[in-house]
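Residue numbering begins at 1 within each chain, and the chains themselves are lettered A, B, C and D in the order written.
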Amino acid sequence: MIIDETVGKEIIAKRVAKELKDGQLVNLGIGLPTLVANYIPKDINVTFQSENGMVGMGSLAQRGEENINITNAGGQYVNVLPQGSFFDTCMSFGLIRGGHVDVTVLGALEVDQSGNLANWIIPGKLVPGMGGAMDLVTGAKKVIVSMLHTSKGKPKIFKKCNLPLTAREKVNLIITELGVMEVTNKGLVLREINKDVTVDQIKSLTEADLIISDDLKIMDI
Amino acid sequence: MIIDETVGKEIIAKRVAKELKDGQLVNLGIGLPTLVANYIPKDINVTFQSENGMVGMGSLAQRGEENINITNAGGQYVNVLPQGSFFDTCMSFGLIRGGHVDVTVLGALEVDQSGNLANWIIPGKLVPGMGGAMDLVTGAKKVIVSMLHTSKGKPKIFKKCNLPLTAREKVNLIITELGVMEVTNKGLVLREINKDVTVDQIKSLTEADLIISDDLKIMDI
Amino acid sequence: MNKVVNIDEIKHLFKDGMTIMVGGFLGCGTPEKLIDVLIDLNIKDITLIANDTSFVDKGVGRLIVNNQIKKAIVSHIGTNPQTGKLMNEGKLKVELCPQGTLIERIRAGGYGLGGILTPTGIGTVVEEGKQKIVIDEKEYLLELPLRADIALIKGNTIDEFGNVSYKGTTRNFNPIIAMAADKVIAEAEKIVKTGEIDKELIGTPGVVVDYVIKGGE
Amino acid sequence: MNKVVNIDEIKHLFKDGMTIMVGGFLGCGTPEKLIDVLIDLNIKDITLIANDTSFVDKGVGRLIVNNQIKKAIVSHIGTNPQTGKLMNEGKLKVELCPQGTLIERIRAGGYGLGGILTPTGIGTVVEEGKQKIVIDEKEYLLELPLRADIALIKGNTIDEFGNVSYKGTTRNFNPIIAMAADKVIAEAEKIVKTGEIDKELIGTPGVVVDYVIKGGE
């Protein structure tokens, strides 16, 4: 590990937050993506969707202040903000599939240079199910994969995913603690790099072919 | 005309009302079918749907007591009963197409012995559009055509409809001032006859082949 | 985030030849002030998607009378004689669609579905030119999605974020068309601060609404 | 018309081998008292249609643990380890379906549609064995309707006629499954006289509800 895991996750969350724009509707996956909410720039207004039936989701409810009728997609009690509202699952996935969700941020087991994503099953081992992930990746206008660059040193960004896909060629951006990679027609382009790592280090930790941007920048966090 | 038109309409409405059962959800078309609401037996509870977005529709609103937010499918101000509720057009036609509406009662330009119905267009003359009629006839569990037996003496019940259809083979029952006819696999069966007319009279006013029920009864009104 | 604007701030959105969806059922639940705007701007060659063409002096019926509609995709035109007249004169194209099919086509457009399979219209002229699909030995028509450039919706109370609450039978097409257009303008009877509407009463979430204007009460 | 009944009056409705839909998302919005009834009656070989299999001690998760489910059609089983265990042992069949597809399939079953066309699942194992339809050069999967013998829904306040109001995120599958089953049983936190719920708050019209029972608060 070049960068400590906890620090890495914070770097990822901060960088993802900078991708969000004023007025957007955003769905954050469970786990690491949830951290993004902590770093939204103060001058922009972003609304979070929770696919179990809410927009305007706020923070986790404080102990003792839980409303048992308001949960997030992980089943935890959450607050709802003034602009928020509730709806059924049809409407929730209408927002998702219909392209009303501007950005979805998800973790990955594997992602590849064609924008394929695998994050819902390891056959024979782990079968949680796809939940809303397939719809989110298929329907959201922009799909950001946010994850640690490797799994205990093993690459997670491939030329071609090995695991069953969540969706085909839908990922737009991959943000890890080491850099920012964009899926383009030409392949996977490294746009930004963490100031503490080298291009060679990233390449050695990435199975995919990385195209280095002519305009490579230091990761903006 | 064997029977006066106004009297005829009352006979039809009364007889249709007897087809309705406790607990049913019923959609009454504009015009003659609307009169049915006046004759519902007191001992049964029937709920009326209005396809513009309501169940539990009551009577027309009294002048001066109109709520401009509550109209029927004809655009008139109506009352809503205690069991009533409102919804959008998707839900309204979900109730209709999904078979939740037990009975739909409609008028007809033409109806035939196979259960075909034509009531939305006279090409080159009158093109009101189908509105919700096609969905109602296709989706309701039971389709009752209620109409005067003839149009100024000309038959409206045919071997085969001439006008463009509203739906194919969906009509279950035809109720006119002269009798009650059921669409069966074997053809159109005359089940009941108005006490003031003869079978020959009905036959002469019907272009369709009428099968006379072995158990022909006097019309129950 | 305050989406409440004056009429002047939305005028630039309208262009000749646009496809516009308008809420309402025979005028009930139609944003009349937004119809006024279309009339004032005299926007021409509109493709109108709505339940019906209302009455000559009400709702979208006024756009028909004012010759602003090129094509109307609706379920019913019987209450507005001018629609039939213009149609017969070849000045207005009318595509009649069963009401339940029409609203599901709009929903499909807004919900990212490729189309709908409905039994309605089988065995009628409605099936002409359409693909039929057999499921479980029953025939269904494949009907295609509809979307618009702009949707004009009417709400009762709307907050500054664009959350809309409806009353009575004014809902009809409104909550559905709000999902199926590139821009959504909501006309309110009453505008309140964000958060002041009981959340259980919100029928259209503000996230799909772009502009809010104040209409009549 | 009063649809409020005691538990004893609905017991006869349940039979081994039935298909049952249950509302709830990880247990939020699940009718726990109706789950109790299923457990008390020890109904076996149920085909369960729900969003997920919840947790071992909550909602439909309890039916999994009690070995009452033969097949589960759900979008997610990750929060209930027993589901995966029984599945691996061949004692439980699990059909995983994307959440947005699952709810639209149920809706199609309740709304009389022949199926849905969704882009979700294209290029994944979900498309296996399914018909693909190309609309406007884009591929969609044809997914088939789902219906059940019984739907068990959870509402907040319900009136005697069966009109249901929901709160917060307890809606999820509830209003949709209420349309897609031969019998619908609604569990209320609070029961009121018909007409006492603000009509604008009614999420499921009583006309589709057959029985109302009082649950916990």
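By our rule, a residue touches a chain if its C-beta (ideal position, glycine included) is under 8 Å from a C-beta of that chain, and two chains touch if they have at least 3 such contacts.
Going by UniProt, the chains are A, B = Butyrate--acetoacetate CoA-transferase subunit B; C, D = Butyrate--acetoacetate CoA-transferase subunit A.
The shown structure was predicted, so the numbers you read here are calculated from the model rather than taken from an experiment.
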What shortest step count links subunit B and subunit C in the network of chain contacts? 1
Contacting subunit A as well as subunit C are chains D
Distance-maximising chain from subunit D - centres being C-alpha averages: B
By the contact definition above, name the pair with the higher C-beta contact count: A-D or B-D. A-D
CA centroid of subunit C to CA centroid of subunit D, Å: 32
How many angstrom lie between the centres of subunit A and subunit B, each centre taken as the mean Cα position? 56
Between subunit D and subunit A, distance of the C-alpha-averaged centres to the nearest whole Å: 29
Could you work out how far the Cα centre of subunit B sits from that of subunit D, in whole Å? 35
In subunit D, what residues contact two or more other chains? 104, 107, 112-113, 118-119, 166-168, 199-200
So which bits of subunit A are touching at least two other chains? 80, 86-87, 90, 93, 96-97, 139
What kind of graph do the touching chains make: line, ring, star, complete, other? other
Run through the chains and report each pair that touches. A-C, A-D, B-C, B-D, C-D
Quick check: in the complex, which residue numbers of subunit D touch subunit A? 25-29, 51-52, 55, 74-79, 84, 87, 94, 96, 98-101, 103-104, 107, 118-126, 156, 166-176, 203
Hey, which residues of subunit D end up touching subunit B in the complex? 1, 107, 110-113, 159, 161, 163, 179-180, 194-195, 199-200, 202, 205-208
Give the list of subunit A residues in touch with subunit C in this complex. 23, 25, 45, 47, 49, 55, 80-87, 90, 93-100, 139
Touching subunit C in the complex: which residues of subunit D? 104, 108, 112-119, 133, 135, 138, 140, 142, 144-145, 165-168, 199-201
Please name which positions on subunit B make contact with subunit C in the complex. 50-54, 67-71, 73-75, 80, 86-90, 92-93, 96-97, 116, 127-135, 138-139, 164-169
